[in-house]
Structures are given as structure tokens and as C-alpha cells.
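Order of writing sets the labels: A, B and C. Residues in every chain begin at 1.
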Amino acid sequence: MSVYKRLQELGIALPPPPPLGGLYTPYKRVGNLVYTAGQGPIVDGSPVMIGKLGAEITVEQGQEAARVCVINILSIMDKYLGDLNKVTNVVKLLAFVASTPQFSDQPQVINGGSKLFLDVFGENGRHARSAIGTNVLPGNIPVEIEAIFEVED
Amino acid sequence: MSVYKRLQELGIALPPPPPLGGLYTPYKRVGNLVYTAGQGPIVDGSPVMIGKLGAEITVEQGQEAARVCVINILSIMDKYLGDLNKVTNVVKLLAFVASTPQFSDQPQVINGGSKLFLDVFGENGRHARSAIGTNVLPGNIPVEIEAIFEVED
Amino acid sequence: MSVYKRLQELGIALPPPPPLGGLYTPYKRVGNLVYTAGQGPIVDGSPVMIGKLGAEITVEQGQEAARVCVINILSIMDKYLGDLNKVTNVVKLLAFVASTPQFSDQPQVINGGSKLFLDVFGENGRHARSAIGTNVLPGNIPVEIEAIFEVED
């Protein structure tokens, strides 16, 4: 089934990619690999939430933040690759969760983003992953995720 | 010499890969590259130690934790690649050490894992690496390591 | 224009690569990709500054630290690749900024390094990137950056 049909069924309309936060590009392709820049839970140019897990942000909110990060990654792939159906595999996620020193459920938080990749791409969306805690992220966002994709020739 | 012979000489019997901690796969191959998910010092399904460097965990304990992470990475490669002798290079490690804000010997800790790759694969096991501090890791483990390998066709 | 001519115009004389801080290699090539080990702001074998953003280190100092990290990455590529003109793309940076829990301008800090890649390689130097906060880095350095390059056959 088309990736766009699946997105429609999930009720997701891809937004434009978020504005850049620095001197980089959101999308870099080398051969059949695409690297995206780290994405935060940005909607309409602003974070939908700020704060840390273990403090202001609940696990459920963190999962929603991770889901928004993945929507932004999808919007980048859609814009720059031109057709999400050319994604052959979601290869790898590196995910960071802004956390108090006591919060240690980072994988549960990032599942909120990983699930969307599975929902959209099926088994090809299943990826290797690290979910890491950190004391602070840019702009005080709770979650940041970067991705590597395999794409068609 | 066979990688399995080397493991035997080192007294290492590869365990089954650790249980998954989320919606991901421990092993993803794209072309001749394999990405593993981040691995912790898990034995028989549970962390062999929890806590942070600079607090409950000594450098020597952290090195042992890093070694267990690498054993788990090897167990994943053995199971999914089918034959560790098909590994042509250990390419890159990204390693995180849960640390107090004052602890700054992360590289010494991760050497405990890097050394095992060298012992097992010889010079092909020598890898690029970053060893990074963080305030907390999933399940309060002290060390997490992910790896990229080059493998035979 | 030759990369070396650009470096000269920028007033940069590449130093030898920094001494290794552990059991790894600074440069690992697989196919047309090169992975570098994480580099700190090391000059003549020692950190040019230590401390954290939000505490002892200003944003301007952090940008200078990021620039020195990138100079060290360039020195590694020069030594091991043999000719910086064989770099076809700067693909991806993963950058860590040692930060107090309140400091959240990591991207602005890392721009100090990203800008140098753009100055040296032009548009081919534009890269995907994540700029992540952390509570502590090896040796108490303020910034650490690792890079992936695409290089000629």
C-alpha cells in the first residue's frame, strides 16, 4: 500500500519541514543512505512542549513528542526525497530524551516515535535504535531524534 | 584464526541476545553495513550493575560493564549474521557512560569494550569511536554501546 | 579551488592529529564513507579550554572550541585520506556540548564548527547534524564532534 495512503489512515497530514536551527541541512544523501538532522517536537515553527522527563513532562507526553519528531523526519524525507514510497528501510534511530538524573524510561518514551515508523512502513520500518538520556536538549525540548534511511536508486 | 576459536581462548561463551527493550530490532543490515541497537550490560535478562560512574560504579566496574555490552553486541551479530567470521571490520562505536557531572574518564571506561573487539577481530576490530558522558541511561545502567560493522557480501 | 588554498586563505595551518585518548582509531573507512572518532578542542596535546556552557564557558568560547574540533577532524582526514580534495561531501556531524541543565543553545555553539566545513568545502560541506547537550565530556572538554564523510574512490 502507498505510504501516503497509510498516513491518511493514521490521520497524519505532513507539515512542511521545521525551520533550520543552525548551519546544516536537514537531509543528506550518500549513495542509498539518507541521514536526517536531529528533529525536535516542533509544530508551526515552535516546540509543542518544553521541559524534561522526570520533571514537567510525563511519559505519555514524551511519547507524543517523539511521535512529532518522527512526523517532522517524514516531512523532510517527503520534501527532499520527493516520494516516501522510495524509502526501502528505516535503518537506525539515535534518540535523546532530556531527563532528570532519576528518570530511566527513555526507551518507553521513544517507542512513541518508533511505533509510527512501523505503522507507516510496516516491517521495513523496524529499525536499530539507541534511546539515550541527557541533561538538556536545544531550546529545552524533551526529545530529539535523528534517522538513517535506505532509499531506492 | 576463527573468531570462535578466539572467543573460546578468551573464555567467552556467547549468550543469547538480550531481550528487546522497545519497538526496534537489535540488528539492521543495509548493503555491507550492519547497525546494532544500543546494548547495555545485561546478563540473563537483567543489568549486572546499575548506577553511575563517579558515584556507585568504579572505573574498573564500568570497564567490565562495557565488556558485557560488547559481548551482547557479538551475540547479536552471531545470531543474525550467522557467522562472526563474516565481519570484515568493526567500523564505529558510539558509547555512553552514565556519569556524575564531575566524572570525565569516559574513554578509559569504554576501553573495556574496545579491547574485546581488538582481542576478537585483531586489527580489523580497531574502530572509530566516541565515548560520551550522560546524566542517565535506560534502566539506570552505567554504560550503553552501539556499533556499526562492515560484513562480507 | 583547492581545499588547501581555502585553508590558507582562512589562516589555518593543519596541526598533526591529536594524540589518541583510548583503544580506537581516529579514522575508519568503509567503501566511500569515512567515520572519524569524536574530537575535542585539543591543541598541542591539551584542551584549549575546559568547563561547561552555562558555567565557565561562554557561547563565543564554545564556538571557538567547536572550530578547533573541526580543525582536528580536518587534520585527521588530511593525514589518513592523504588529500582533502578527495572529500566529496561532509555527510553528518554528531556534536555534544557539555552544558549546565539550563543551557539550551547547543546549535549556536556547534555552528562554530559547521561554518568551518562550509568555508572549506563550500556547499559540499553542508551536512546533516545533531547538536546535543550532555552533563559532562571526557577530560571536562566543552565540545566533542564526530563526523562522517563521503570520499572519492
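Everything that follows uses one rule, which is that a contact is a pair of C-beta atoms (placed from the backbone, for glycine too) under 8 Å apart; a residue touches a chain by one contact, two chains touch by 3 or more.
Every value quoted in this text rests on a predicted model; they were computed, and no experiment measured them.
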Review point. Is the contact between chain B and chain C built from the same residue numbers on each copy (over half shared) or from different ones (under half shared)?
Key: different
Exercise for review: Could you work out how far chain A has to rotate to sit on chain C, using CA atoms and steps of 5 degrees?
Suggested key: 120
Practice item. Starting from the mean Cα coordinates of chain B and chain C, work out the distance between those two points in Å. Key: 25
Practice item. Can you tell me which residues of chain A touch two or more of the remaining chains? Key: 94, 134-135
Point to revise | Contact set on chain B toward chain C in their complex | key: 32-33, 89, 91-94, 99-108, 110-111, 114-115, 118, 126-135, 148, 150
Check your understanding: Inside the complex, what are the residues of chain C that reach chain B?
Key -> 21-28, 30-31, 35-38, 52, 94, 96, 98, 134-140, 144, 146
